[in-house]
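What follows is a pair of complexes built around chain A, which joins chain B in one and chain C in the other.
So, the complex of A and B:
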């Protein structure tokens, strides 16, 4: 038994070594960028690396910004495991959040049932947006990668219109909808930071998706379809179903991410509040190699880089966008077979 | 009808040009078997560096060439990470897009202490070309004459692109790489060398397309490309992966965009809806063409 465990641990470590190398390359890019761009690189680096851990406020905010990334990362992982791409996360989060906000306000008299209904409505809307791309692929083989992106871009604009137009709350200076009632707001975990109990829901989502993918028949069929669609079909799996369903669930999770961002952090749909969350969710899934359990550390890593960049921007002389450069370096290298297998023993051909 | 439709067609020709240029480069990568979603980031890189170098050198030609050089450098990095380090081209493409959006803002902040719109006073508007005699041709003259050199250069490049792809060994090999790379390797040629070349070509055309965007304005606007690289990708599919198909598809897009600019001013429709038109339009076109392809396949088989 113990021997068996060792056999599993060693390759995992070797596999991890490749990812670690990539993380180290990305972090050395932070050092290089600070040396080039900052007049006081030492100070910049100090705030970049330690800033997010220094106070309850920064630490809590970092954890909080990981929450939508966890939801998004799960959503993308689910789609990718079935062999589908969902590039519409931006629109799905934003649209899901708006529907959740509006439904919460209308369903307020129903209490907790209303809150659950609102979350479900928001997530289902986002799911339908992604599921439609799945439907198009199933029906006419239209590339879901492109349609999900196009639909999302159109949705972003329509939501912008709805927030700034019919649902604008004129009583604030923000371009935002009305706020959800206070009784529906999730309680804070680490005040004065933005962290809320939404964190627990994110963890529940990770466990649920893990169980679905690895412990249920439907999850097994989904993964088989992703691994080899023809083989799965030959084995009697309804592969058509696993184009639409994973896309729907993927959008659903993005939508939940948007909904919990409203319940835990923003309390209203603010114009463009979710910009970037969809793409970062995708990045998180890629770093996690579509494994739900690995989504948590990947989301934390991404949130850490952003929090570091934000802290360096506030206290030193660099701009926040260095986060995008560092993240893009991770993106560049994360799928490299050469780097990832650098430390793995050469496998004998089976 | 006539008096407002001709200016729309005229501006459609201007708007389509960066799309046409980016999709031409993307056609090479697409035919060599790589889905190049980095067009957006490459366009943005070209847009930024061209206008910045034009500002520093005082010459549009030098600035454009240096901008193209930077874009080709980025596309070379993309190609080597994808081909030599064996990465997923989709993910490295996203990396280029993220990198370009970060880098342009970081450099804009470092050079001009400004993260927003940077206006360059010393850059004059692009000269418009055309002789009065050509311009006096009814309708066609009004639509196709009086554009900047970028527009006519893009048409010239389109012809060259067709010639290279269909009339030279290099073009045959690029297409063979996408169709059947084993055939190419069995003849002792390296498919990856042709893929690398395709990426460099897409860097070149995107650099040029990006330059047109900023030099036209004399300013750099963060995220000035605003999805044009993605639309260029769609143009490749809609244009049925044929050089002259690209021209038609890009023109249709230019028209949709020009019409929405017009409608924004003239009709009482919320601007967000109008901005969404190109995406909805592309979506419908994608669906239409895939239904057509499916039916055609069903008849043939």
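So, the complex of A and C:
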């Protein structure tokens, strides 16, 4: 029995070893950068590493910024597990958030039903944006990677226009839509931070996606299509379906991420409020190696780096770009996959 | 006697399953000899050669090349020492010419910048002429036959001045004639002082080509023998631990046989090619019968397989299942209609290597394991373990199927497809690369399906296999049927005669099947 357990744990450890090494390299990069860039590296590092954990405010904000990353990371993971790429997260979050905001305002009289409808409408819109790329691939074999990216870029511009034009709230100095009614805002956790109960919805989303992928027939077929689509087709799985559906679900999750950002944090679609969330979701999925359960730690790590950099920037003499540098190092190391396979390399005969 | 390779006390353990693939193995290769490394699947032959070629590391033991101890840490080091390996699965860029493939990484330059294609062709043609190969340097690899592709792999090694050449199952995909010409190439190479190691388990070939034979079993080296001094039976006994010969009983088509699958004038065209891949092929597969399609690869066997599997559309003609038109309805619907099918490409089509064994087992049948909307994992695992036991496949339900040996992967595929079968089943190259015991197992399964009343369609380029088990044989040449025999008729003919049909030298005319 014990031996069996070891057999399962060891490969998992070995798989994790690569990710862990990358995290360590990233953290050493923080140290190196501080030593080079800061006049007082000790102080900078102190704020970087401990800042996010020191107060309810910082800690709550860090958790809060992990929420859209979790939704985005799930969205990307789901698409990747089916063998599809969704590079349109930016537009899908932004578009989903706008639709959610507007619908919430219009559906306000319906109460809780209205809120659910609004979330669903926003997420479905985002899903349709991504699903359309899937449809194009199914129909004409266009690359969903390119189309999702291009569509998303166009959507960003359209949403910018809608926020700054027809739906601009003239009563504030921000470029933003009207705010959603107070009754619909999710209650705060750890005030005065921005953290809200949206966190629980993110966790529910992780569990749901995990169950879908690993415990249902449709999830099984999706994964089989992603692992080897020729095999899936040979086995009788309708592989065309699993080009469109995972893309739709991927966009849907991104859209939910946008919706919950509105319900929990921003309360209105502010111009470019979600910039970067889509890409970071992609990075999170890469770190998590497309496993839903690993999305949570990956998102937390990403949020921690960002919060650390913000804290170091406020209290010491480095700029916020240090976060971008560290994140790009992680992104690069992960996507090159060299280190990830380092520990697995000699396992199997070539 | 000069020694090319000495491997002493090599031990190699695969950590994930703690399997000792090589257990204190000693191996010696003399200069200028052809040595066959024989053993069943999983005996450790390929592992030993991968150690020699630097593809696998080893925990214990020393390697000497031409008397000097070497640490071969990668294939590049091996190449530098003059060791080359031709893998069972070719590693060629299909869209490149022979010359481009051969010179990959060492391209001749014009003005030190641009690729000198003319010179490349000249250089490679020199090697081709020196060794009397049948191809030309400016041919595109995609258009070559399997045998010719293998020549490209060998030329690749010869061009790099390799003088110790390892070939993994070099004959497994070749026809009789191709094998003969390959062997004469080998003999010439040996005469020029090159030393060759052939990994194989075909007894007849060991006798035909080798000077010496080394036999492995279960990771151990049993010994090395002068080929003249042992006979096939002795080698077989060493390899298997016991001796087995194929024996499958044949049945006569009886009155209860009925047509199950009918092909009517099936024609398949490829875009941009005038010659059809299949040209008006008609046949009828009856229940209680094994209908074999034989031919040299490239003459329509693969196309027929793809048509029956629903992977490519036909241009003209019909496929009927119990009288119902199933032409071009796609794989998913064919499966629903009752298609059971063991494909030739079992690593890319027949299985999903990264998925677990049980995930491979339930593909397409996952619907029947539902419980309250979810997959009933317990039942899936139980079903899988059941099948693994019944088909004596060495595996567990939860391990990735890619970690199994080729024979065990094929057993898992067989188990799945035989479970699915309703009234007909398609086998394509079912014993390709399998050892004797696994092949016998496959043949028994096929025969028992036939006895249960299945219409079995067997597509195979392995003539021995055809003659062993088929009840009726249709020979394809250039996409058309050139001959058909009952199994007994075929067994009465000599292999050379059948080979002439396969090569298009003879044609029966359309005699009706």
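Rule of thumb we're sticking to: the second predicted complex is superposed on the first by the 337 of 350 C-alpha atoms of A that agree within 3 Å, B and C clash if a C-alpha of one lies under 4 Å from a C-alpha of the other, contacts with A are read in each partner's own complex, and residues count from 1 in each chain.
In this text, a residue touches a chain if its C-beta (ideal position, glycine included) is under 8 Å from a C-beta of that chain, and two chains touch if they have at least 3 such contacts.
Note that the structure is a prediction, hence the values are computed from the model and not measured.
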{"item": "Combined model on chain A: chain C and chain B, fit or clash", "value": "clash"}
{"item": "Comparing the two partners chain B and chain C, which touches a greater set of residues in chain A", "value": "B"}
{"item": "Partner chain(s) touched by A:40 [first = chain B, second = chain C, both, neither]", "value": "neither"}
{"item": "Partner chain in contact with A:28 - chain B first, chain C second, else both or neither", "value": "neither"}
{"item": "Which of chain B and chain C A:235 touches, first, second, both or neither", "value": "second"}
{"item": "Partner chain in contact with A:172 - chain B first, chain C second, else both or neither", "value": "neither"}
{"item": "Intersection of the chain A residues that touch chain B with those that touch chain C", "value": "none"}
{"item": "Touching residues on chain C, where the partner in the complex is chain A", "value": "14-16, 46-47, 50, 55-57, 309, 311, 331-332, 334-336, 341, 343, 348-355, 359, 362-364, 366-367, 369-370, 373-375, 377, 402-403"}
{"item": "Of all residues in chain A, those that touch chain C in their complex", "value": "11, 211, 215-217, 220-221, 223-224, 227-228, 230-238, 346-350"}
{"item": "Chain B partner contacts - residues on chain A that touch it in the complex", "value": "33, 37, 85, 136, 140-143, 145-147, 149-151, 153-154, 157-158, 160-161, 164-165, 279, 282-283, 286, 318-319, 321-325, 327-329, 331-339"}
{"item": "Complex interface listing, chain B residues touching chain A", "value": "77, 81, 84-88, 90-92, 94-96, 98-99, 101-103, 105-106, 109-110, 115, 227, 230, 233-234, 237, 270, 272-273, 275-276, 279-280, 282-283, 286-287, 290-291, 293-294"}
